[in-house]
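In the two assemblies presented below, chain A is common to both, partnered first by chain B and then by chain C.
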Partner chain A sequence: MRFFSPGDRKPRVGFFKFSCCTGCGFQLAYFQKSLEDTLKSFDFTFFRLASSSGTPEGPFDLALVEGAVTEPYQIIELKKIRANSAVLYAVGSCAITGGIPAIKAGVPEMEVQNKAYRTKLYGLTSLRPSVLGDYVEIDGSVRGCPPGERDLQEAMVSVLFHRKPEFAGYSVCVECKIKGNICVLVAEGLPCMGPVTNAGCGALCPSYHRACYSCFGLMGQANTAALKGKFRKLGLTEDEIERRFSLFDALETKK
Partner chain B sequence: MTGENVFQKNYEVLICKELFAGWVEGLRDDFKLIGPVGDGVNAEFREIASLKEANLDYQSTMLPPGKAYLFKPLEEIVLFNAGPGGVAAEEPPIPVQKQVLIGVHACDTHAVFYLDKVFLGAFTDPFYKARRENTFIISLNCKTVTDLCFCHLIGTGPYLKAQSGYDMLLTDMGGEFLVELKSERSKNLFNVKGRPPEAGDWQKKDEMETRLLKSFKKDFKADGLRQVFLSRPGHPVLKETAEERCLSCANCVMVCPTCFCHDVYDETDLSLTRIKRMRRWDACQDYFFAQVHGGNFRSERQARLRQFVFHKLDYEGQFGLKGTVGCGRCIRWCPTGIDLTEIAEEMMK
Partner chain C sequence: MKAKTGYLGRVEGEGALEFEIHDGKLKRLKVNIWEPPRFFEGMLVGRRFDEVPDIVSRICGICPVSHMMTSIRAVEKAIGFEPDRGTIVARKLMSYSQIASSHLVHLIMLALPDYYGKGSLMELLPDKEVTLKKFIRLKETFNGITSAFGGGRALHPVSMVVGGFTALPNENRIRELRSNLLSSKDDLMDIFKTVSGLELPDLQTGSEFVSLSAEGEYAVNEGQIVSDMGLRGKEDDYETLFDEKEVPYSNAKKTVVRGRGPLMVGALARIYLQSDRLSENAKKTALEAGLIPDPVKNPFHNILAQAVEILHFAEGCQALLEIAKPETAYLKPEPGEGEGAALTEAPRGLLYHSYLIDRGGIVRKANIVTPTAHNYLGIEENLRRLIENNINEPVERLKLLAGMLIRAYDPCLSCSVH
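Right after this comes the complex of A and B.
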């Protein structure tokens, strides 16, 4: 097995953003526990949030891309990034499931634009949101809104070692139990999305006594019908249930 | 010298609760005290400074005391240091902290015996072994049962009948505790003098047990399941329950006091010099649990649910014990209330 060793040149990383809040980029820039090691091990060839120098042209050993695709120019850029990168990871819910930018998915663009802007903006070319994987092959997804430091780190380490990253595919409940939180869904009847949501956050919300709202997105094995049934029993209306499930998964729920 | 020390002979004594609490507090110098805090079925075993913080009338806890304090949910088991000279493995120190688990119910005490089979059986787990040896278990006979308890059908409660494998057994007799010493070390450690129990006290204990046994709500036939499981592994109740209600969230497994499966994985830091090998509770309800190279041998939800139900109610061949101790936790903490005993009953029909 070949992997980058201390004598090699550092892997070149490009960090790109499309339509999103830049929270994933912030998370990377604030790698609290390992900033020094990160800079020692990687060459950030392009990371606008951290430095205005650097080139977006590549080539990159690893491209990390956050944000949903909501404008035509982004499609061209994304394809270019893909062509110039050995490995491309979609980072964060916007890039993976559409996330928050996708809540407009079920509404005609005309209506969205009229609602969002007072005057007609003739230059506006906003599209129905898409995820990166709709336009290019992606090599992996680093889930979260934003992802946790551990998963981002694992994504980067996997590139150094030329191995598949190890990401959790189980529910938030597993992490919640490992933390020993009393379950807010069972004990208090809060509409927690943990049972269908992919782990990775360390059960952040239930640890602060809040119901999970699924910002990491649905896990692959989610049984959404079963949880909706439970929410109905808790007395949630159909509208409330649909909102909980579409907050981070509108592209699927509003097809 | 007063002559005969009645207590030393009998290892059974009635003492007032305050005296007992005082004795427990005295253990603090050498032991971490861990006891049930909170009410009803939502209590929690936590570190406490004295018995005043504990609620020995608790009914159940979400995480079982044995599993939570002997088999850590998440722990580092090896540390690899990579440097120019190669890779060196370093074992983290074996846990030496002494702890007392106070107020462990009968089912949860039996669950520890089950974990012993796993971690001290064919293979000895050094971390479990060290914690087990450093843990003084004070068990407690239940005073009430919950609507989901079925230990009476499994033979694991509500009164603890085991004579060894733990240190002390308490029975709440009103103003007093009946203390029964079950280990050599408890005989050395317990130095409180009280009154030796008389025939009337034992009779009272028996009566309390009989009364308690009558208060169970759950009833199903735990025997004979083997044949049913073998002959109808594809029973529709499994598929229906799995598809309509099972979330594959794994809460059932996480809270089960006898579920011992764990995953081992490596965490590499970005300096690439330190790799931590971690062990984390794992769950057969998770799709990826049975994912191996080339496929998944339990990709269907019903196959995963069946695994849990059969392992708990059958599979006695594995360790000579039932996989369940009848605590009811998996039912209580399942978001959709899936009940393994109802599934078994349906299959028996």
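Right after this comes the complex of A and C.
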């Protein structure tokens, strides 16, 4: 990780999109409380969603990349972005764990494609999904689908202050306990993925009476075996358990 | 002479425009959408019915509520589940507030810079500082509604599920949302004035205008298909009325009314076909903007229509918040077998989902047709008209005009490919 030397200019930011919903890009704009400050503190020299000016060539002090890798050209682009950027953060579950675009990883590629297109298949170049970290070194992961305000802010602020970002590295359960929620797994037997899911959302689902479905992806060192055991005791079938884990972590579970 | 726009900026997703002019004649034109496919229709097969909304939400980061809503209605029809009235009210609030915020983003961040010859909203600062502030405040107000009903976030909301809502905001929160809306009146009018004051290029389209229509209300979450060329139909007949074609040069499909030419869906078509059901204030502004009583079919006016709709949906939200009940119960639907189809009005127009679900509650077939697929042929057709009408202009001007027209449709390329 190399940080830019401040001088009197603003850090130059490039925002890039691969295979995804563009939601992480929009999340920057949904970021209303900090949007004005963000626009003023950074120089967005490349952000296709928000600007028709600028060039993808860089150089960038910070590159933010959303989306999974599912096309050959994206690998070449990603390597170029890496070479032109001091700091590169992966943004969102698609880029970090594969997220929703990776669901198809569990099924033969042609089988999936055949269900979406009838005649066009010769023109498609789509690959089995993979994540940014498979190809280049990542300086940080802004988790979530979409990322939460705290980590997004931390990503931006860390670059302004030239320090390593501190992203939430614990489970959703921790946030849930801090909020004082009643545990839906224990109290109601809902199949909550909170114990193995990376924090950052503020334990939204349990706060709204719903089991976490792991949209922030599995956290490092998650004890998935223990949670699967718990789900079995709740009466979930193996199929149902597999589905809980493959919604946002198909690349992990279908290795 | 060949012209290419390269990667289109300020458009959701990845695409570009190419055209060729020889001896003062437009020879070739195509909008190439290379947005990578994620094969949603393929990956949904094998998933359980109650996972569908959380998956399809990720088709699009700007209209996730529309994909959730349409899939929820289609799935509920397939499994034979009827939502209660409180749920229907809360669902309308989700859709109305999402359309308003989506329009705001489009108008202020994506479209506005064109009219000042700039590349982005950032380049319009500090001149447009006041507009930026109002935009942020309004967006916060509308996102606040989506997020209060959607479980804490407006993007990929968590509490709206098959069967209803796992939780709803309490009285205090609802009161707060109402008062935020009340105090946004001036901001709303100012944004309308900002947009209605723009000088929009001339263009007449021959496209068929298509939208939903419902008794006594401006249809959003449910309705019959209508058009200005006499098309009438139910959502269950959608697949026999419309035809989806694959395009060799693009990953998006083109959808047309069977046996007919290009169509246009979205805010302009909705107002064209349902102006009598707009709220009072929205009607006044529609009159002021020239959208009624004698509308011209100019696709550039879509941005005026969006500005009018923001006012309409603000009033719609206000009225619904009066009757929204926090205590709506969430009914957990049982898996069921069957087929279901639903059409809704997404911010950008007609959105279709259909599902075949087996006895175990597992999706066996899925079909999704998005607003931008409905508009795709019309966008190309009208780009041709626009360039032919201005053929003697310098190519840079043509590229700018073309970009403006594409943006006027507010296309969503991630959706169009999905």
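Note that the second predicted complex is superposed on the first by the 247 of 255 C-alpha atoms of A that agree within 3 Å, B and C clash if a C-alpha of one lies under 4 Å from a C-alpha of the other, contacts with A are read in each partner's own complex, and residues count from 1 in each chain.
Throughout what follows, contacts are C-beta pairs under 8 Å (C-beta built on N, C-alpha and C of every residue); 3 or more make two chains touch, one makes a residue touch a chain.
Worth saying up front: this structure is predicted, and the values here are computed from it rather than measured.
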### Task
Have a look at chain B and chain C on chain A after the superposition and call it: clash or fit.
fit
### Message
Per the contact definition in the header, classify A:F26: touching chain B only (first), chain C only (second), both, or neither.
### Response
second
### Message
So if I put the vertex at the Cα centre of chain A, how wide is the angle out to the Cα centres of chain B and chain C? Nearest 10 degrees is fine.
### Response
110
### Query
In the superposed arrangement, does A:L236 touch chain B (first), chain C (second), both or neither?
neither
### Message
Quick one: is A:L247 in contact with chain B, with chain C, with both, or with neither? Answer first, second, both or neither.
### Response
second
### Query
What is the contact status of A:N223 with respect to chain B (first) and chain C (second): first, second, both, or neither?
first
### Comparison of chain B and chain C by chain A residues contacted
C
### Message
Just to be sure I read the superposition right, which of the two partners does A:I75 touch: chain B = first, chain C = second, or both, or neither?
### Response
neither
### Task
Considering only the touch criterion stated at the top, classify A:L124 as touching first (chain B), second (chain C), both, or neither.
second
### Task
Report for A:A86: first if it touches chain B alone, second if chain C alone, otherwise both or neither.
neither
### Query
What is the contact status of A:Y208 with respect to chain B (first) and chain C (second): first, second, both, or neither?
second
#### Entry: Nearest-approach distance, in Å, of chain C Cα atoms to those of chain B in the combined model
15
### Task
Could you tell me which stretches of chain A are touched by chain B in one complex and by chain C in the other?
40
### Query
Which positions of chain A touch chain B when the two form their complex?
6, 34, 37-38, 40-41, 150, 153-154, 156-157, 160-161, 166, 169-171, 173-174, 177-178, 180, 182-183, 185-187, 194-196, 220-223, 225-227, 229-230
### Message
List the residues on chain C that touch chain A in their complex, please.
### Response
7-14, 36-43, 45-48, 51, 54-55, 58-62, 64, 105, 109-110, 113, 118-123, 125, 132-133, 136, 139-140, 143, 151-156, 158-159, 161, 166-167, 246-248, 251, 330, 365-366, 403, 414
### Query
Which of the residues in chain A end up touching chain C in this complex?
17-27, 29-30, 32-33, 35-36, 39-40, 44, 47-54, 70-71, 74, 99-101, 103-104, 107, 111-120, 123-124, 126, 145-146, 201-202, 204-205, 207-210, 213, 215, 240, 243, 247
### Query
Which chain B residues qualify as touching chain A in the complex?
42, 44, 62-63, 68, 73-74, 84, 243-251, 254-255, 265-272, 280-281, 283, 286-288, 301, 332-336
